[in-house]
């Protein structure tokens, strides 16, 4: 069921424009090549609004911001909307600074975003920022666990409905949610938190999976499962000599090697209709 | 015949100043160390024009541009000219945005560039930009293949003559051309297109090889052959467990280990006098 | 004796804010995760002065400067002082440009820095800059060797006393010095000079080690020994197939795996009371 999205990507490729932070840019570009897509990274306003024209999708990552780049994000996002290109947002460190809150607030008010992926803290802040003038209860827990899943899904679903958006929450359990359904995903490995940029890599992977899909939510879930599954496979390859650097290499290698059949066979998820 | 350029570099080192894109900067720096050179990367106008003074050569890569950095490229390029340092240009993504076309147009009109390396699409755009006010036929094909080699070489030769420059075109076949001769190079491996920055790495490798050489064209060909040969060797080292991340590591490892004898023994090329 | 600092870090973690150069940012972030700390990298003035509030320590690396970032360094450094957070400075390429000299001069006059780490050339320039209006003898040699250790320690000690600071000088021999004592450290491996960023990685490692320590000088020495020891272990893991890319991975892997007992057992140092 999910493998088809990977197969489709490997057959049709996709050109992904990522306004990326510079810390993880290289890994993100290699993840895109690993899954069958191609990367272009441009963060200058003038350059980016031209680059988006030839790309299939726009990924925005706010990890290393500055005022020049935030302007590019808004302008390039508006251009992507005009050209009917999908936009994925990775609100890295949302809540940690006023500037990060400001750019995300600006983006969701001025640009139609299709998918936002963050950890529970970032998504909590996202919903808080989006709802702050409306007094909505966004009192999410700080951890995504079995015993608070129901509440988190309920709040997230409302946000998805109001904003016509897909939300991905990553953690020990991953959640992919739109207004109609939620995927609760149990793939993944603790080593993914021992390397920098696993989240950024997931964000570009989602961008590639959805680029030419006609089912955004399922393609997003496919990417989240693929990432988690590769995280498991990479861990299985580790020897006693290996640490987090080797693990990162193995993770990218697994994405490179993954095929549709393995993705379907390894998927650990539950679907809930909302 | 080509091994001597590597040997020379390993004996005399070279300090390479690269105004690099941030996506591939780390790999490019490690490639320089692998081949026996040393990297300095500085993209600020004020800083860069001081740094170039202590360096042997300047590499300019336009992969992640902004208006601040384009100014540095021009100013640092002019300073390099003044100091008689060689300049290598990697016009990443030329043709994909007006800004990229503009900076390359500015560079070739204001700065004496010694070597430009690009894929066929970038070089096609380069020749188009350089010739656009002169109505010259720059109708290059989009692929460099045996059956159009002759035409491509003929057009490229004219450009080399007019601009006193060396052109490198990369692809399945690589071409190194100046006004008098062309090297048609068959080294390389398809995996090089599955990692980000193989082109950027080649560009800094050329910079290192030519830094202290008195035969620019042959030293350039030596670097192109070295890169392709290391790409082959890296592929030979791959196991079934490996993907593009391991491949990238192997590629750099091979550059680190390559010696003059192996380079000469592995070179697959044809030389044509023009 | 030194292992306790690593153990403490692994138990209590530390959030390290690094204003990092973009060439080595990814490796530095992964080194922080490897040693048990967490990285945040932000170089925008507005963003950085918020980010520092939630961090334990600030690392400043001047490798890829521009005027926007130098302003952030000063402002964020002053904010860190105000909040009583430790500051580590890595004056990459000091002496190679007026801009690098200027920012270091500004930093040491406007911001209370706790630790500065550089190679002998950078530290020589540092002492020269700091002393230039006072005519002090800063005539350091260009190499740190057994036969000039005494003189270098004597000059460095005076600087440490005058500036209430810890100085780390890296090279074949490493030196950690404050006003009362010096550690002469013999750990390390020549391969560390064949990868880009070993110095930057050491700088963030020191930041992590000192973040929650109450003995700055010993915690700094512990980090320097840890880095050198991991450099040795990484070299021991190399096969004939490996080059500098594999070495870099092994180095990070070793940091990930290192424990307190191994650190104590492998430490090669001499302590001198001054």
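Each chain gets a letter, A, B and C, in the order it is written, and its residues are counted from 1.
What we mean here is this: a contact is a pair of C-beta atoms (placed from the backbone, for glycine too) under 8 Å apart; a residue touches a chain by one contact, two chains touch by 3 or more.
The shown structure was predicted, so the numbers you read here are calculated from the model rather than taken from an experiment.
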item	value
Contact graph of the chains (line, ring, star, complete, other)	complete
Between chain A and its twin chain C, rotation from the CA superposition, multiple of 5 degrees	120
Gap in Å, rounded to a whole number, between the CA centres of chain B and chain A	34
Set of chain B residues in contact with two or more other chains	22, 26, 248-249
Chain A partner contacts - residues on chain C that touch it in the complex	20, 22, 25-26, 29-30, 33-34, 39-44, 46-47, 50-51, 54, 68, 237, 248-257
Residues of chain C defined as touching chain B within the complex	21-24, 26-27, 63-67, 93, 96-100, 194-197, 241-246, 248-249
